[in-house]
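You will see two complexes here that share chain A, one where it goes with chain B and one where it goes with chain C.
What follows is the complex of A and B.
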């Protein structure tokens, strides 16, 4: 049993982490909220010291009524949705494949996981230049080899290109988690099903997939949170052009490039709300796990 | 009894898995290969795979022209510093939550996790402004602090799940024998916790090394780590494939090697213990 003494010691030990995170959360969040109700254009002479004009919900309405808002929501949904579909479907297949007996399993695992450790700016630039370059990229060579005209990937198929790059980065994560989950599946159950004459597809649909459902949910939720805020991949490839301006990128441009802090902050508040909706579901699952 | 697997089936599995594995790994392999080519060979039509004149020239050019070592050093300081600082703050917190849990422990843990989900772009300007006011913009110490804060929840969580696995009876026994809190931590807990702490540090080094939102937005010439170094190859240097490849290889090599050691921790750390 914990004594009174150890309780207060425990509180002391927790304090630095709690205080730091509380500050990290509250200070910038309060500032963002504050700015979102103000007209704040630093390049036109607005400054904190000089006082900012209160504009009520103007920034909020202007952010959602601006012509770039809905396209950015659409871009965000397509990229997040596209990457989720690709990584989860391929992740399940890969996890099943890697779970089979084979020679050199460890090495194959390493090969599959490697992209996750490549920093986003590197994967963005390597794909953009060495694969998707319409003249010298490998895809161009491949297309020419089959007699097709090379594509200008990042302008003609910008969404698919971004989805490809980001999926390549996140596939290892999905695969690794799903593989961990598959390995916890009782193999006797599968053997019994096989002996009873269940074909592979039925075994997959009735045993493997239900067993994986929790892991898949976790993959989807965690990836969604990270994918909602992808930045560097777009920054170094299209810089938001060709319809790839996501909500995150739009806010970044409003805040730092055009320095409309009020408007960008209102956008930031929307992004925070959006992320929180996803986060609530994730927290429920993680929270349940804590009780177990 | 495990099912006997026919060697024919095993062969088929092996061939498919290696094919898929190499396909996924190919962009990295291709980057490494290209880094040893001359610029002319790098854009040769048809592409050259192995039969070209291997050269190290690109590596020296990249180092000379953009001072790779300085960026590398920044990456080491920023990733290493934020991880060590975060661990120092997180160990006591995770320890107390794992061994002296109270009714609020679960809420505190979940709340910490929720700070991780705050979209960075939502607080970009406030942090930017604070950095200017405090003179932290484009400094290594500034980035150490920010990356420490964004990774702190993951560090606490990982440590918590590891500490949870240390049987409480051992601590009770130590207490019975008259060990104080300090002795308990130093002589009983630490030896058992070292593997967990090492894994946590490993994963967070990787995350901090590859972080590319704050490092791109809060640094310029002075404190830029390798993520920013590579971003500077965006144009027009990106068209020089061999040099881009050499720069990329140098940026990812250290962490690729570390990463392969930490596959297991990756699952645990990034799912906040929800999948082990």
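What follows is the complex of A and C.
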């Protein structure tokens, strides 16, 4: 059926979806690029109707030279890296645990997935008010039970708290993907290794971990894409204070809190560049696992 | 070296008893084959010996030592799996060296043994490839290589040839037999293929539903099967079984005659029937004879040049000294 006719028919059929997706992506991107070269302060009377002033690369220079720029890049990378380490390490361990035959396996597996279904805003609020509140939080009570002074999580250990909250949300994703990967491991390989005299730790290091390398790669790639843009968890907990201002959050502050659309748009372009740099590094480091 | 004794070994999975109490001795240096239809417990029995499954009760001795509670790695046995179970992310060299690495041998000794095993198995040119880049036969040899470098007390083979094509299977069969001649190590080999059992074994163990039906050399089993099951399982094509009046004249409930022990002719012979399908193998021809009044089909082996056709009426004479007699319980009447 791969005739000239059916091929052009296929193109016609796919065109609406492709055009829609392309527009979806291109329109905001073009607008961001356009605004980033303009002075656009809605509260000072600038408006699209009245025409915007061309300011060249002013917005770009101002965004980078601002004292919050490099700390925000650093915060972004620390949060992404921290969450990746926590979710991959705990994900592998949990996946191995869940792979063991046990009573109530089905229910436990569903419970493990549960955090993934909680909306980021909700999970941020639950952690903030229920666990990390220094007066009434569960952690505060736990600390007091052991006679320690309660920790003010979100101010004293702000980065760790954010990483904890986000990891809790993404752990199910990592666990699930790694669990399916573990289940696809041929049990004869493990038995062969056992016969070959490999103790449990060696079996893990030489057989299970290499088998999981591809799944770990996928977890890292997908999570990085989503983690670079986390926002809600920061918004409802620290609101960017105590060194938790990520690049995404900085852009939000420039556009909405300072009402400087041009400056924020320039930041958006930097975010795109940062995401691409991270993506290239990741592909270099872990992408080779996807071959073969 | 590698004398393996099983005493009253049983295995149950939950309420299901897979192996009822079983006694078996495999002498040092022997090539023992466990054979039986699928689901007869032969692989379970092998895994019990390997230690990959725990026995429910009973005792397993290896070299006179009680090994029942000994973990698989400490039993000094090496196993070759049906799926080969090679480590896909390691090169052939690393695969073969893996047991040595786990035993913490020094690097020079590891290399020496790997090179030696590779030379024995014709794998020297493939040492730096990954298992995924090898053919089925080569993967099989890597799996064997990984087993021989350990210099085990006994080798366990779990249907190692069932994933190979017919020609390769014959070749590997010879190679394994050759290996046994050279190493003189005990080997236990599980298969459902009676041809493999007949051609390779010093001792065949026929299993059905976890029970040992008969133990003996290939020719013993061929000449004097202990019961109807063994008689039907060993030998290809299958033995013909005849019940009723004809069996009565021999003083038995059922008699069995192998296809190769029946002579055919156009005119003479006590039995007669009509030729159905004939299978020409060149050297031999198998006739499936119907309407004999004895059994539904009687299979007869004749010389390749015998030219009966579909629908011909022929006469058959069983060789008198090759008629096996069985009683109503299916047991052999001596």
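General observations
Basically, the second predicted complex is superposed on the first by the 274 of 292 C-alpha atoms of A that agree within 3 Å, B and C clash if a C-alpha of one lies under 4 Å from a C-alpha of the other, contacts with A are read in each partner's own complex, and residues count from 1 in each chain.
Criterion: a residue touches a chain if its C-beta (ideal position, glycine included) is under 8 Å from a C-beta of that chain, and two chains touch if they have at least 3 such contacts.
Keep in mind that this is a model prediction, so the values were computed, not measured.
After superposition onto chain A, the partners chain B and chain C occupy separate space and fit alongside each other.
In the superposition on chain A, A:171 contacts chain B only, with no contact to chain C. Of the two partner chains placed around the shared chain by superposition, chain C is the only one that A:210 touches, whereas chain B remains out of contact. Applying the stated contact rule after C-alpha superposition, one finds that A:47 touches neither chain B nor chain C. In the superposition on chain A, A:191 contacts both chain B and chain C. Once the two complexes are laid on top of each other via chain A, the angle at chain A between chain B and chain C, using C-alpha centres, comes to 80°, given in steps of 10. Once chain A of one complex is fitted onto chain A of the other, the partner contacts of A:61 are absent, as it touches neither chain B nor chain C.
In the superposition on chain A, A:183 contacts neither chain B nor chain C. Taking chain A as the reference, the larger set of touched residues comes from B, when chain B and chain C are compared. Of the two partner chains placed by the overlay, only chain B lies in contact with A:128; chain C stays clear of it. With chain A fitted onto itself, chain B and chain C come no nearer than 5 Å, counting C-alpha atoms only. Shared interface residues of chain A (contacting chain B in one complex, chain C in the other): 191.
Note for the complex: chain A touches chain B at residues 2, 6-7, 9-11, 13-14, 16-18, 20-21, 24-25, 27-29, 31-32, 35, 48, 94, 97-98, 100-105, 107-123, 125-131, 133, 136, 138, 141, 145, 168, 171-173, 176-177, 180-181, 187, 191, 215, 218, 222, 225, 228-229, 231-232, 235-236, 248, 251-252, 255-256, 261, 264-265, 268-269, 271-272, 274-276, 278-279, 282-283, 285-287, 289-291. Here chain A touches chain C in the complex through residues 186, 188-189, 191-199, 202, 206-207, 210-211, 213, 292, going by the rule given at the top.
By the touch criterion given at the top, residues 50, 52, 71-73, 77-79, 81-83, 85-90, 98-99, 102-103, 132, 146, 150 of chain C touch chain A in their complex.
By the touch criterion given at the top, residues 2-3, 5, 9-10, 13-14, 16-18, 20-22, 24-25, 27-28, 30-31, 34, 42-43, 45-47, 89-90, 92-93, 95-97, 99-100, 102, 106, 108-110, 112-115, 117-130, 149, 152-153, 156, 181, 206, 209-210, 212-213, 216-217, 226-228, 230-231, 233-234, 238-239, 241, 244-245, 248, 251-252, 255-256, 258-260, 263, 266-267, 270-276 of chain B touch chain A in their complex.
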